[in-house]
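First up is the structure itself, then whatever we jot down about it.
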Amino acid sequence: MNQLIAWGLVLGSIMILGAIGLTMSVQIARFFNFAHGDLMTLGAYIAFLVSGLLAGAESLQRGIGPFSFGWGLLLSFIPAILVTAAVAILFDRWVYRPLRERKALASYSDMASMGLAFLLRGLIYVVWGADYHFYFKGVRAMVNLPLGIRLRTDELFIMAVAWALVAVFYLFLTRTKTGKALRAVADNPDLARVAGISTEGMITWMWGISGALCAIAGILYGIETQIRPEMGWLFLLPLFVTILLGGIGSVTGALVGGLVLGVVQQVSTRWLLPTYKPAVAFLVMVFLLLLKPEGLFGRR
Amino acid sequence: MVDIGGILSFLVSFAIMACIYAIFSLGLNVQWGYTGLGNFGVAAFFAIGAYTSALITTPKPTGPLADYVDQAIGLNQPFLVGVLGAAIFSGLLGLLIGLLTLRLRRGYLSICTIGIAESIRLFFNNEPWLANGPEGLVGLPRPLQGLVPPAYYHYLYLGIVLVFLALIYFALEKGIRSPWGRVLRAVREDEIMADADGKDVFLFKLQSFVVGAVIIGIGGALYAHYSAAIQPGLFTPFYGTFIIWAMLTAGGTGNNKGAILGAFIIWALWQWTNYIVGKVVPAGLQTRAPFIRFILIGLVLVLILLRRPRGIIGEERHVSKF
Amino acid sequence: MAILKIENVVSGYGAMEVLHGVSLEVEEGQIISVIGPNGAGKTTLLNTIFGVLKPWKGKIYFKGEDISGLPPEKLVRTGIAYVPQQPDNIFPSLTVEENLEMGGFVRGEDLRPRMEEIYELFPDISNRRKSRAGDLSGGMRQMLAIGRALMLNPEVLLLDEPSTGLAPVLVDALFERIKLLNEQGVTIFLVEQNAYKALQNSDRAYVLEGGEIKAEGDAREMLEDEEIGRLYLGRR
């Protein structure tokens, strides 16, 4: 059981990265971005592409220290982040913003994002095919931890990266002018506008950050499991439940929700098939709806 | 030499599928077009309708068949009972989801419907005892099968589907012009005002959602008995939900004729891309070819939303004052 | 010189016209009130001045320059600031200090001196710098809201029904502060539901009803006027 909880924390750490971006986008852009999962997939595949291209350089392929991956993969984080952030911003420019300007019902944006999700996923299928891929082959190094837990060194890396990012993000939101402005726009966009804050500019920032976090979450998920075209979409339902659980718009909620749901999903594999994890997330949501719909840290 | 028989055959099967999808579209139109409820899990109701009808109309496997097919329930009832069962169970599912989410903000319905669709698909896929798991059920009975020679059976089925489509269409057209329909439209336009007017908005939303669910369930049953075989892989988000959204949006949200038109157009686009892709794409990449449809239909939907959100026909102006 | 001049402005939301040709003038250094019943278009007027709504017809001049239809992002740099109505006039999940920081967002320089000045003007919120704005009481929130707008060092301050939701004692304290601000040189343009308090504390006033200016004049005189008293001050 401890082992399952530990794995749940690993999964939860990845979910947190996805959830932060998602909860921000729901709060600030005011619709449910169904393309969020596929942005994660995109990030994972771009990293796969670039690390594959770098495969020629032997020195980059050798694992760094106890980890399975080499500098090649670490370097490929950068193009993955840049491309995914760019795509997220472009989606906003070309699709979400026109809808916003037209003051269309939010459900139209929901639908449009679903269209973009399939578009993106279709592209990935067409370019890379439906097979599973891995960032590296071979046996993964394991580490023995107290309480009878064994984790892969990669999993420790995943958690370290995720939590480091959370810390950076927290500092960004509380110490920088842009971060505070983002929070202001999330809180009260009309007032932000009246104060002279460019809401469009902030929305662009938000999509860029969301995309970047998606890319990182996608790569980490690819390291943890495998790379496949459906990976992001399958993650989406649990991510939505996470932000509902934590309360839409609450970054703290995303943190708590992500960990809780990660652990719950992982622990459920003791009794259920792993493939049921999204269904478990759904079950959590049903309970949430019955007991406390606004979530743990929900606002308005 | 032009193969008239072949062309006719193709047209008939095209029409049957387009009509079935038109029924799905009409159901979604009640929920989304009339009342503004975003059902992103149409596949759930499609699946429940199909599976319920299948389980009701087939016998429980016995003898050597039982080794191959696992099926928990088999009532061996006639086709219409199957359709009725599909309607009821689909409606019940709609009721449950509606009770759970319709009092809450919009997003809860969207996510809940996605969740239930995924959960149902996973369940049928991984619980072989219920309905044979990933292999699904085959040999579903076709209504009135003995009436015509097998070669002409699909003409008969087209007739059956058309009857259902017509009944549903006219019922909805009547409904939208009734006081009930007016309230639904008012709810979509401005919930606060409809609420202030004393109508219980929640009840109307619930009714609308259940009606839509029932219609989609019926469509599911018709699908099942046409293809005579169903498996969980049919009810994916793309084939079971997204394509229907594309149909409704393309044809004209809020317009029943639009729903039907959209179904035919998108289904035609579907068949056409199948054909083109089969010819153009080299053999080695054929496995990837179906996903070109993801790109295409996704693009179509986004473009319509941006350029012509009303769809081809657009919403009807109803002659009624609220 | 009229620092703010509104000429025959027609404006509204969507297809609904709310202001049917409103004209008024605000002299520099004065406190001007617009009073009138609910739904008269008071908030619409402020929204139109501040660029949240574009005027359909008519013009708006600030210090002689045409600012009609300029968006808020531009107006904040010209010297006008806007305090919307409670309760949506602060950033609830940001701290008091962060609220003020956001008020000064468009200013490039160090904000701390200005923040200290505002804390001096509103000592009550000075003690709660790190508190979450949403946790403040109504009176303090209003002060914070005004403080946020003042971060821009505006020449003209637009206030939307500042007395809303405040107990009478707090309303008086608030207007004290507003007069203090005015003495420091800020022109005040406010719309108010509480006609009595508004007239008591202003130099001039306009009556807006049904989207039209129905009366105007010296505030003190209007306070004594029988007709005004009967229609808007609840006197018999």
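Order of writing sets the labels: A, B and C. Residues in every chain begin at 1.
Just so it is clear, a residue touches a chain if its C-beta (ideal position, glycine included) is under 8 Å from a C-beta of that chain, and two chains touch if they have at least 3 such contacts.
Only a predicted model underlies this, so the values are computations on that prediction, with no experimental measurement involved.
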{"item": "Contact graph of the chains (line, ring, star, complete, other)", "value": "line"}
{"item": "Chain whose Cα mean lies nearest the overall Cα mean", "value": "A"}
{"item": "Per Cα centroids, the chain farthest from chain B", "value": "C"}
{"item": "Chain centre separation (chain A, chain B; CA means) in Å", "value": "31"}
{"item": "Chain centre separation (chain B, chain C; CA means) in Å", "value": "54"}
{"item": "Approximate Å spacing (C-alpha centroids) for the pair chain A, chain C", "value": "43"}
{"item": "Chain A-touching residues of chain B, taken from the complex the two chains share", "value": "32, 36, 38, 40, 100-101, 104, 106-108, 110-112, 114-116, 118-119, 122-123, 125-126, 237-238, 242, 245-246, 249, 287-288, 291-302, 305-306, 309"}
{"item": "Complex contact set, residues of chain A against chain C", "value": "177, 180-181, 183-184, 186-188, 190-198, 299"}
{"item": "Residue ranges of chain C touching chain A (in the complex, touch as defined)", "value": "50, 52, 72-73, 75-77, 82, 84, 88-94, 98, 101-103, 105-106, 148-149, 152"}
{"item": "Interfacial residue positions of chain A with respect to chain B in the complex", "value": "26, 32, 34, 95, 98-99, 104-108, 110-112, 114-123, 125-126, 129-130, 233, 236-237, 240-241, 244, 248, 273, 275-276, 278-279, 281-283, 285-286, 289-290, 293"}
